[in-house]
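Two complexes are shown next, each including chain A; its partner changes from chain B in the first to chain C in the second.
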Partner chain A sequence: MEFKIANKAKMLTLILMGLGALCLIIGIISDLGSHHLTQRLLVNGLTNGFYFFALALGALFFLALQYATESGWYASVKRIIEAQAGFLPYGIGLLGLVLLIITLMDGAHIYIWMDPEVVKSDPIVAGKAFYLNKIFFWVRTIAYFGVYYWYFWGFKKRSLLEDKVGGTDLHFTNYKKAAVFLVFFAVFSSTSAWDWLMSVDVHWFSTLFGWYTFAGMWCSAMVVLVLTVLYLKKLGYLPKVNENHIHDIGKWVFATSFLWSYLFFSQYMLIWYANIPEEVTYYVTRTQDFRFVYFFMFIINFAFPMLILMSRDAKRHAGILSFVGLIILAGHWLDVWIMVSAGSMGTNAHIGFIEIGMAVLIAGFFIRILLTNLSKAPLTPVNHPFLDESIHHEI
Partner chain B sequence: MHKEAAIREPLILGHKSYHDITEDVCRPIEDKAPKMWYILFGIAAIIGLYGVGCILYLLGTGVGVWGLNKTIGWAWDITNFVWWVGIGHAGTLISAVLLLFRQKWRMAINRSAEAMTIFAVFMAGLFPLIHMGRLWLGYWVLPLPNQFGSLWVNFNSPLLWDVFAISTYLSVSLVFWYIGLIPDFATIRDRAKKPVAKKMYSILSFGWSGRAKQWNRFELISLVLAGLATPLVFSVHSIVSFDFATSVIPGWHTTIFPPYFVAGAVFSGFAMVQTLMLVMRKAMGLEAYIHTKHVEYMNIVIMVTGSIVGTAYITELFVSWYSGVEYEAYAFINRASGPYWWAYWSMMTCNVLSPQLMWIKKLRTSLIFTFIISIVVNIGMWFERYVIIVTSLHRDYLPSSWSMHFPSHIDIGVYVGTIGLFFVFFLLFARFFPVLPLNEVKTILKSSGESYKNAPDAHHGDDKH
Partner chain C sequence: MAEKVFYAMYDDDDILKDGAKHLVSKGVKVSEVFSPFPIHGIDPIIGLKNTRLGIMAFIYGLTGLLLATIGMRYFMVTDWPMNIGGKPNESYLDNMLAFVPITFEFTVLCAAHGMAITYMLRNKILPGMPAYNPDPRTTDDRFVIEIRTSENSKFSAEELNAMLKETGIVELDQKEI
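After this line comes the complex of A and B, so read on.
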């Protein structure tokens, strides 16, 4: 079945983008003259660039995971995952642009290790210069973007081809490619989190940081997936998708929320317990300067999914899933925002028109791209070898 | 019944009927034990008794009979403890997590894996108890109201969290395992001819009658227990890792420890399952139920968890340099090039390199190769704990306290003894308990049995119970 973007949806995304832009402009005007303005804009650019890029990358990872594990149930929602992963080139563009501006501005007080003055005067930063320098940073960044895009392009091509030719050859190609992709992803998801996010707090280090960031990405991607499926169901699309599929995606939201909370706790507790100055400074900044938002973020990302999505019925209820999902999305956005802004702006950071405006603007853009991608391919694949399993899925 | 795609390989080979499954599982219990069983049991019992002797000697003499010294206060004891707890992880993962992921192949191995889990946790629990030196005061680790004055547990200590985590894990695993056994015990009871056996299995099966209502409750409780057990898979080894990671010892304090210990535990647990299953399927004639496909799936799990562990090693290594902390960097350089270099490189070879061979389909479907790798992995995982524990301790902050650890023959005796005891338990299990969940296996016969799967006529006449 072909999906057509309803006029209402078109209007809505335009309104979102318009409202976001308006908010952003008001924020900029009211902040004119403040010498933090550029930094603030870039902090938000990095936050949103990474966050929306991660929504697409999380979907790509999930798709690869389904191929590599030979899952069956997901076949009838596969195209939605692909449409979500289809934001990847735009995410790469957004994030790449922000990173480029930051690099051209010698770090813009966000990546202070890009500033030659800092490297000269700070022996710890100088000690990391072999890894943290502009050239190597861009070599890595381009490698991440390149590999991710290459695999996305291949999966998408083979998925559409499978509709035409059928057979199982493409399935086994996907199986192998997905396994190799997961190897790249396992390394890159950690190193890219160090490069883009951990290096904001350049003195600080945590071995778990990459996995923690990955868990947040995975969880947010699952939420977007379930919300998109619910939206399409509501419009009468996806007749083959029933509440069992929604229940399964709901379980992923629930499980990845727990995974994220588990990693949050592991990282936080170990650093708090050992109380070593080099390490604990990260959380001192966050729990003192960002006390309310930080714990609020943790509570909504942990308690909401745990308490509300625990029951079977909740995971099958569109209203509850959408409510919790939207909250989790906001929660993980806050997580990324605190990662970036606490490390760079410290006490000067706060949530105002600029933060909300830019997030809403890019969210509108993301939704528009997602809907456009959905309309470009049939919503249900026809020759997927597990399609029959998925259609008869019942749990 | 769930639909199953044509391209999925069958899980039960050959023309099995429901009755054949019952026969195949029950016959080894009802027949006389083969001579090989007595030989293996004898060997395991002798080794186990030697271990018990070493433990008794230790209790009579004191913990000083171990090779510990003032710098290295933890060595083989805690290494063995963590090693056994790790092995004890696969059972719950297979029965709970794979149940939630609807992996039907788990049914071939879950019963024995759970049994293995429980016996491994027994062995693990021994070490902290012996380490106290005064076994009879073991209950002091529990927060019991008492009148001994200031005797009270320290809730800030991860060692106490361990007590809670492991005892919870053991209880839930035991209940989960036993609940699954009840219907199978009832099947054996119904078939038993000798009065003593009939009486015993009748007690063990709690009066199971197989009514629909009982099955209904059985499935419900299985799901509830799986839900309870899943967080336990994570919590137990995370808390074991806290024993090290909450401290400020270089090489111990690193935030990646909890998930990486969990991955390592699953890695070693699956390796132990492989070791046991490959022998058992042959010895008990279960080749139709545990075949190459199952071995391949388990090898893939070993490969994935081994790669996670490898990624964590490299992350630690990188961050020890990146951190710019002199002590951190030294701890890792010393591991690789100091006096314990051989332990470090054994660990790297066994845990990081060897599972990568599983990328080759020919190797991961070869039973002999799998058997070798499964043992290599467990050697590697023992070395991992040894490297983490001993190399981090042996270079104290003060060079005057630097030291080396040499195991005494009691260290070795206790460790080898636990392996003997473990096999004593496992052989008894294989002799008297249904090693396959026969009633569960029957549920997948029609969807995943070779003769039923993709057959045009889905109804064979011979499927009587």
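After this line comes the complex of A and C, so read on.
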């Protein structure tokens, strides 16, 4: 069945974008005299650029995971995962643009290792210069973007082709390609998190950081998936998707929330216990300057899904899932925001019109692209080899 | 009145499912099904209620959480305050992070053991208990439906017998209790 964007949805995304832009402009005007305006805008650009890029990348990863494990249940929601991954080019554009501006401004006090003065005066930054320098940074960034886009393009092409030709050849091609993609992703998800987010706190390092970022990305991608499925179900699309599929995606939300919390805690507790000055600075900034926001973020990302989504019935209830989902989305946005702003702006960072405005603006844009992508292909794949299994999915 | 129990044996789980559907549609109450593995989708057919084991698991987990918290608070803070790695335990909350892994492990321990023991008690399969199974072949490749006359007072034993024979049984056994 073909999906058509309802006029109401078109209006709503426009209103979201308009409201966001309005908020952003109010924020900029009221902040005009401040020295931090440019930095604040770029911090938010990086936060939102990464966050929405990660929503698409998380979906792409999830799709590859299903291909590589030859799962059956997901076949009837596959097109939604693909539509979500379809934001990838736009995400690359957004994030790439922000990174480019930051690079042209010699780090803009966000990536201080890009500033030649800092490299000269700071021996720790100088010691990392073989890895953290502008040229190598861009070589890596382009490699990440290129590989991700290349695989996204291939999966999308083969998925549409499968609708026409059928058979299992494309399925096995996807299986192999997905396995190779996961190998790339395993390395790149970690190193890209170091490059884009951890290098904000350039003196600090954590080997867990990549997984932590990845878990947050995965969790928010699952939430967007379940919200999209629920929205489409409500409009009467996806007749083949039953509550068992929704239950399964709900379980993913629950499980990845736990994965994220587990990694948050592992990173936090080890650093707290060892109490090495060069490591604890990261958490001292966050637990002192951002005390409320930081722990609030942890609680809504951990306690809400744990307590509310624990029971079987809650994972099958559209209202509860949407409520928890929206809270988790906000929570993970806060997580990324704290990662970027605490390291670069410190006590000058706070949530105001600019933060909310830019997030709402890009969220509206994201939803619009997601809906447009949904309308471009049949909502249920026609010749997926596991489609029959997916239709009879029951747990 | 002596109670009669019918054991209808099938050699395929799908045929058993069809048979159970057939019997239930006529108003027969199937009291039990024996099978070497869980038969997918049999629960709603014979009218089994959803398991409450999950609720018990939650309660056991909560018990473990509380026990671990109370215990550690007493051992490490009240009774003999420990100073580990330059972190004196002056209050439980100060060093809460260090106690989280143990709390978690103990919660899982209590939930898992509690669930397993409850399951065994409820199903009367504790080690050494007599087998409740009508035929040892149901642990291998046969499937058995159990029907009791006391639960089906609407039908006579002959009617039940006839109805069972309409389904694809391979053997029919009767016992009087």
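Observations on the structure shown:
We adopt the following convention: the second predicted complex is superposed on the first by the 395 of 395 C-alpha atoms of A that agree within 3 Å, B and C clash if a C-alpha of one lies under 4 Å from a C-alpha of the other, contacts with A are read in each partner's own complex, and residues count from 1 in each chain.
The definition used in the following text is that a residue touches a chain if its C-beta (ideal position, glycine included) is under 8 Å from a C-beta of that chain, and two chains touch if they have at least 3 such contacts.
Keep in mind it's a predicted model, so treat the numbers as computed, not measured.
Following the overlay on chain A, a clash is recorded for the pair chain B and chain C.
Within the superposed three-chain model, A:386 lies in touch with chain B and out of touch with chain C [touch as defined at top]. Once the two complexes are laid over each other on the shared chain, residue contacts for A:394 go to chain B and to chain C alike.
By the document's definition of touching, neither partner reaches A:316: not chain B, not chain C. Of the two partner chains, both chain B and chain C are touched by A:273. In the overlay built on the shared chain, the residue A:208 is in contact with chain B alone; chain C does not reach it.
Applying the stated contact rule after C-alpha superposition, one finds that A:131 touches chain B and leaves chain C untouched.
In the overlay built on the shared chain, the residue A:190 is in contact with chain B alone; chain C does not reach it.
Of the residues of chain A, those at positions 269, 273, 394 touch chain B in one of the two structures and chain C in the other. Within the complex formed with chain C, the residues of chain A that make contact are 265, 268-269, 272-273, 275, 310-312, 394. Taken together, the chain A residues at the contact with chain B in this complex read 70, 72, 124, 127-128, 131, 168, 171, 183, 186-187, 190, 194, 205-211, 251, 258, 262-263, 266-267, 269-271, 273-274, 276, 278, 385-386, 388-389, 391-392, 394-395.
On chain B, the positions that touch chain A within their shared complex are 2-8, 100, 102, 231, 234, 238, 242, 245-248, 253-259, 307-308, 311-312, 315-316, 319, 322-325.
The part of chain C that touches chain A in the complex is made up of residues 40-41, 54, 58, 85-87, 97-98, 100-101.
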